[in-house]
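Look at the two complexes coming up: chain A is in both, with chain B in one and chain C in the other.
For the complex of A and B:
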C-alpha cells in the first residue's frame, strides 16, 4: 500500500510544522510587563468585548506615558497580548492555556462576561497566574475558593436588588409584584438570584419568571404577559442585546409598567439609540462618570469620560471604566510587591486597598470587590429629545430624583 | 501490510511522544484527538451510510453533561455543586476524581448509545435532506432544554471538577492528552475492524441504493440504527473528555455547540474525504492546524479565512483530500490503471 507513504510524509510535515511554531515569550521582556487577555472581538459579546479592550488599552497608554510601573528600581511598561475568544467559553479556556503555556504569560487580565471568566478561572488557578478581571460578576466565581482571581467589580447579585428595594420604598414599604425576564447565561441568571433574594426579603411576589434565549432578539411573549399581569416592576437582564430588545419591544408594544429595571443600558448606548423610547428606564451600573472618586492617572470620572470620548469617539460605558481600573490595580500591586514573583504579586493583589476614578477597590477573600457599591441611574430626557443617564440611587451619589411611576405611553 | 504496520507503530510512537516533544501544545493535541474521533465517527453514518447527520452533537453534549454530573454526583450533592449561590466548596481527592471520571466516561458512552437507538428508531426512516434537517433540530433543542435544567447548572453553566493536585502542573495536560489519545486509538481500532466486516458493505449498500439493499433482504433499518449507535458511543466519550478538558460546560456554547463542533465534524470529514478510513483523520488534522493558524495570524478575521477555506474545499476538493489524492495517484491506492484506457478516457472528456 503506497497510501501509507503519503500519510507518513504528512505526519512528518506535521512534526516540522509543530516544532517550528514554538515561539515563547517571557512575562517580562526588557522593560515590558506582558499581560495576556482573551477578549470577545467577535460573537455575541463583541460590542462589550471591544469596550473591555478599549478600557485596557486606554489604561495601558496612560500608565506607560505617565512613567510606567516601578519594580526593583527599574521602570517597566505594560503590554497586552490579545486573542479573540469568539464569545465562546471553550475557546476562552483554550486561549488561557495557550497564553500561559505557549506565550509564557504570567499575569492575566479578564475576558468579558461571567461565563467566559468562569471558563478561564480554573486554568489561571491551576497555573497560579494572578488574574485581575473587570467583567465577570457572577457570584459563583467568588465561592469556588479561587486564590488568584480578583474582580474589581461588585458581584452580579447586587445589580438589581436595589431596584426592588426602591420599588418597595415607593410602595410605602409594602411588597410589590415583580415580572422577571432573564437571559440564560451565567451573568443574567446571577442577577436573577439577587432579585429573587430581594423579593423574599421584602415580602414581594414574582408574577412572571421567564428565561430568555441567548442572543436575545425577541421577548414579545414575555411582554404580552406583562401587559396582562400589570406587575409593579419589570426586571430585564440580557447583556447589550437584551437591553436593546427590551426597549425596542416595550416601546413598540406600548407596555406600561411603573418601574423598568435593566442592566447594560450604557453599554447598549440606549439613550442614544432609542432616545425618548428609553426614557425612565432604571439601570444598574458599576460606575457612573458623576461619581466623585479620584486617582492620579485619570483624575476623576468626568475627566475619564472626556478623555475616553476623545480617543474612541463614544462615551465610556462602565465596562470600559472597570477594565481601565483593572490595570491600575495591577500597577499598584506590582509596585507594592516590588517583584514579578507570581505568589508575591498575588499577595499584593489580595492586600489591595486603593481608590481609583472608578471606585474604591478592596478584595474579599473570595476575590470580589467589596468596597464599591452599585449605582442605579435613570434615563432622563429633556423636551428637545436629548437623553442622559442620571444617578438616582443610592442617595449619597444621586444627582437627580427618581421618577416613579413611569408615565403611561398614552401620556408621553 | 508490512508498510501499514510500520505506519501504525510510527503514529503510535508519535502520539505517545508528542506531549513530551511539544509540551506547550498538549491542549491543542488533545483537542485534535477529540476532533478526529468526532470526524471519524461522523463518517460512519455520514460517509459510509450516506446519512448526513447534524445531530451527532447531541451525543457529544449529552456525554459531556453526563460525565461531569456523574463525576460530581458520585461524591457530592449535584444540586449544591451547580447552584450558583452555593457557599460550599467541594474538592475531589485524586481517587475520587479518577474514579468519578472513569464511571462518568462509561455512562457518557452508554447513555448516548441508548438515546441514539431510541431516536434512530423514530427518525432514521427519513432520508436525504429530511434526515439532515431533522437532526439539525436535535442539537438545537437539546441546547435549549439543557439550558433550563437547574440541576446541571442551567444558564449558569457547569464547572467540572478541577483536576486534583497530583504531581506537577503538567499532569493535567498529560492526563487529558493520553485519555483522548487512547480513546482515539480505541476508536480507530473499532472503526477499522468494523470497516473490514460485512457491516461496512451493508452501510455502503444503504448509501448507494437503499431500496435495492432492502430488496436484497437486508434489514436496513436495523443496520442504520446500529451504525448511528456506534457513532453515538464514541461521540459521548469524546464529549465526556472534552468537558473535563475545557473545565466549564455551557449548554449552547460548549456542550450542544451545533454551530461550531456540530458543523466542524461534518466539515472535517468532507475535507478529508468522506467514506474513507483515513479521510476524516487527515481532514481533522488539516482543519485543526488551519484553524489554529488563522487564530494566531488573522486575529478577528479567522472566520472569514475559514469561510474561504470551506469555499475552496467545495470547489476544488469536492471529494476531499483523499478523493483528490485517489484521483491523482490511483496506483498508490492499490488500483490498477491501464494507461491506454486512462488516456482514452481523458480524450473522451
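For the complex of A and C:
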C-alpha cells in the first residue's frame, strides 16, 4: 500500500514535470509563436551564420513592433530559439531533433548553407515540421520530394547561367567559348550544372572544365590554361576563397578575358580586399539593395539597407536580406492558414504568392522559389579607387550598363 | 587526360617554375617539422595552424597600414614565443611518451588553435596585398607573380641562416647532439629541456615566416591549416629526417609533380596524385627494407 503510494506520487510528479516542461516550450506560448533555428555561430560558416541570425532578428523585431501575426482574431509575436550548430552537419541534425522533440518547436527556420540544410531537412520532414529556409540553394534539396521544405532563394543552378546568356547576347546571339573553374562541393557543382545547361541551350562550347579542391588557394594552373585557350567567358565558383583567389591570381598573372563571372563576391568583400583589381568582375547575387521590390514591413531594398546598417553597423549582404524574407513568408502563411495546425500552415506556405523587399516569392512543388530571378552586378570603380557594385542584368533591374569586353591589363 | 602541357612548351616552363616556387615555400614548413620530429620525436599536427597564425600576424600588420612583407620579421619573433609557450604548457608533458600520445596532443592543440583563431579573427577568408606586381618572361608567355618570387627568396634566406646557425652556434650543436642521442647529450651536460623548448620555438618561428609569406601569396582562413600540415608531412616522409637538402629537393619535386598532375590529369586529381605518390614511395621503402632484413637473416 505504502509502496504503491510512493510509486503513484513519483509518477505523477514526473507527469507534472514533463507536462510543464513541454508546455513552457511548446510552439505557441501565451502570445508567442516560437520558431526554432540551428545557426552556425561558431566554426567555418560563422560569419554567414551571424548574417543569417541578424536577418532573422531584424525581421522578428520589425514584425513584432508592427502589430505581430494575427491568427484566429488574436495577435501573436514571433520568438526564436537559437542553437549553435558549430558549422557541423551532424550537430545541426541533432539540434533539429532536439528543437522538435525536446523543445516542442513546431515551425523551423533554416540554417546557413546548403550542406547544413541538407542535414536538417530529413529531420523536419520526418516530424512534419514546416521549415522556411533562406540559405540552402543546392538543387538536390528540391529534387528529394520534401513536402515541408520551402526556400525563399533561387536554386544554385540559376546563379551563373544569366552570365552565359549575357555573353551570348553581347556576341550577337552566337555561341561563346566558356572556361569553368568550380570547387568540388555540392553548391558549386550545382552552379556548374546550371552553366552546363546554359552552354547547351545557347550552342556555346566549354573549353576548360576544372574542378578545384576544397582547400583551394591556388588556381594558377587553371589560369595558365585560360591564357592559352582565350575563352570568351571565365566562370568561377568556390565560395569566398574562390572569389578572392581568382581575383588575386588573375590580376597578378595579367589574365585577359572578355567576361569574368563569379559567385560570393559580396561575402568576400571583393572590392574592399582587392580594390581596383576586382573591377569589371560580374557577380551573381540573390539580392541587391537597388532592386525595386516592395513590402509593408521593410518598404524596399534601400530602406532595408539603411535600417540594417543602422542596427548592426554594416551593410546587409544578401544572406541577411533573404533571412529576413523567410520571416515575412512565415507571417503571411500563418495569417492565411488562420491556424497553428502544421498541415494547414504547410499548405498555406505551399500556396504562397507574395512580394517582399527581397523579391517575389512563389514556391514550386519541390519547395524552391521560382518567382525570383538572380541578378548580376558588376564591380565598377571610379578614378579615386572607390568601388561599387552595380546591377547590370537582368536588364529590367539594371542600374548601370555592362562594361564589355573587360579592358586588357595593359590598358588599365 | 590532357596533354596540352606538352603541346605548348611554355606551359611546361610555367608549370616547372610555379611548382619550384611553391615547393620552396612548403619546404620551409617541412623543415621545421623535420627538425622537431628528429629532435623530439613529435609529429606536430598543429604545424599548419601555426602557419595560419603567422599569416594572421602579417595580415594584421597590413590592416594597420604596415607593409605585410615586414611580417617575415615580426611573425617569427612572436611565433617563437608562442612555440615556447605551447612547449611549456603541453608538449613537455608528452615529449618522452610514444608517438600516438604526442599526435593526439598536437591534434588537440590544432583544434584549439582553429577555434581560437575563428573566435578572434572571424571566419572570413582574408589576404594581404603586397602590391609587388608581376614578372613576365619569354615574351610574356610565362608570368610569375613577384610575391611568389619574394616568398621563395625569403624561404631560402631563412633556410640558409638556420643551417649556419645549427652548424656554428652552441644551441645549434646542442640541438643536433640531442637529435642524435638525447640520453648521451644529457649525460654530457646538455640541458635537453631547454633544447626541446628552443626546437619547438624555432619550428613555430619558421611557421610564422611561412605564414606571413602565404598571406601575401595566397589566402588565409582559420580552418586552412590542415593541408599545410599534410604537405609538410609528405615532404618529410619522402626526404627522411635530418636531411635539409633532401627536404628542399622533395619540396620542389612535389611542387612540380603537383603542377604537372594538375595539367595532365585535371585539377581534381591534383592532391590525390600527390597522395598516390606518397603511398608508392612508402610501399617502395617497405619493399627495400624487407629485402634488407632478409639479407641480414
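Methods note: the second predicted complex is superposed on the first by the 386 of 412 C-alpha atoms of A that agree within 3 Å, B and C clash if a C-alpha of one lies under 4 Å from a C-alpha of the other, contacts with A are read in each partner's own complex, and residues count from 1 in each chain.
To be clear about the criterion, a contact is a pair of C-beta atoms (placed from the backbone, for glycine too) under 8 Å apart; a residue touches a chain by one contact, two chains touch by 3 or more.
Given the structure is predicted, the values throughout are model-derived calculations rather than measurements.
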Partner chain in contact with A:184 - chain B first, chain C second, else both or neither: both
Partner chain in contact with A:353 - chain B first, chain C second, else both or neither: neither
Partner chain in contact with A:211 - chain B first, chain C second, else both or neither: both
Touched partner set for A:228, first chain B, second chain C, both or neither: second
Chain B versus chain C as contact partner of A:254, first or second or both or neither: second
Dominant contact partner of chain A by residue count, chain C or chain B: B
Chain B versus chain C as contact partner of A:42, first or second or both or neither: both
Chain B and chain C contact sites that coincide on chain A, given as residue numbers: 42, 184, 211, 213
Partner chain B, residues of chain A touching it in the complex: 1-8, 10-11, 14-15, 17-19, 22, 24, 41-42, 82-84, 86-90, 93-94, 97-98, 101-102, 115, 118-119, 122-123, 125-127, 138-140, 143-145, 157, 182-186, 188-190, 193, 211, 213-214
Parts of chain C lying in touch with chain A, wherever the complex brings them together: 4, 8, 11, 14-15, 18, 22, 115, 118-119, 122-127, 129, 134, 136, 143, 145, 147, 218-219, 221-224, 226-227, 259, 262-263, 266-268, 270-271
Chain A-facing residues of chain B, complex: 1, 3-4, 6-7, 10-11, 14, 21-28, 31, 84-89, 144, 147-148, 154-157, 159, 162-163, 169, 172-173, 242, 246-248, 250-254, 257, 260, 278, 282, 285, 289, 295, 299-300, 302-303, 325, 329, 331-334
Touching residues on chain A, where the partner in the complex is chain C: 42-48, 181, 184, 210-213, 215, 217-222, 224-225, 227-228, 239-241, 244-245, 248-249, 252-254, 268-269, 273-275
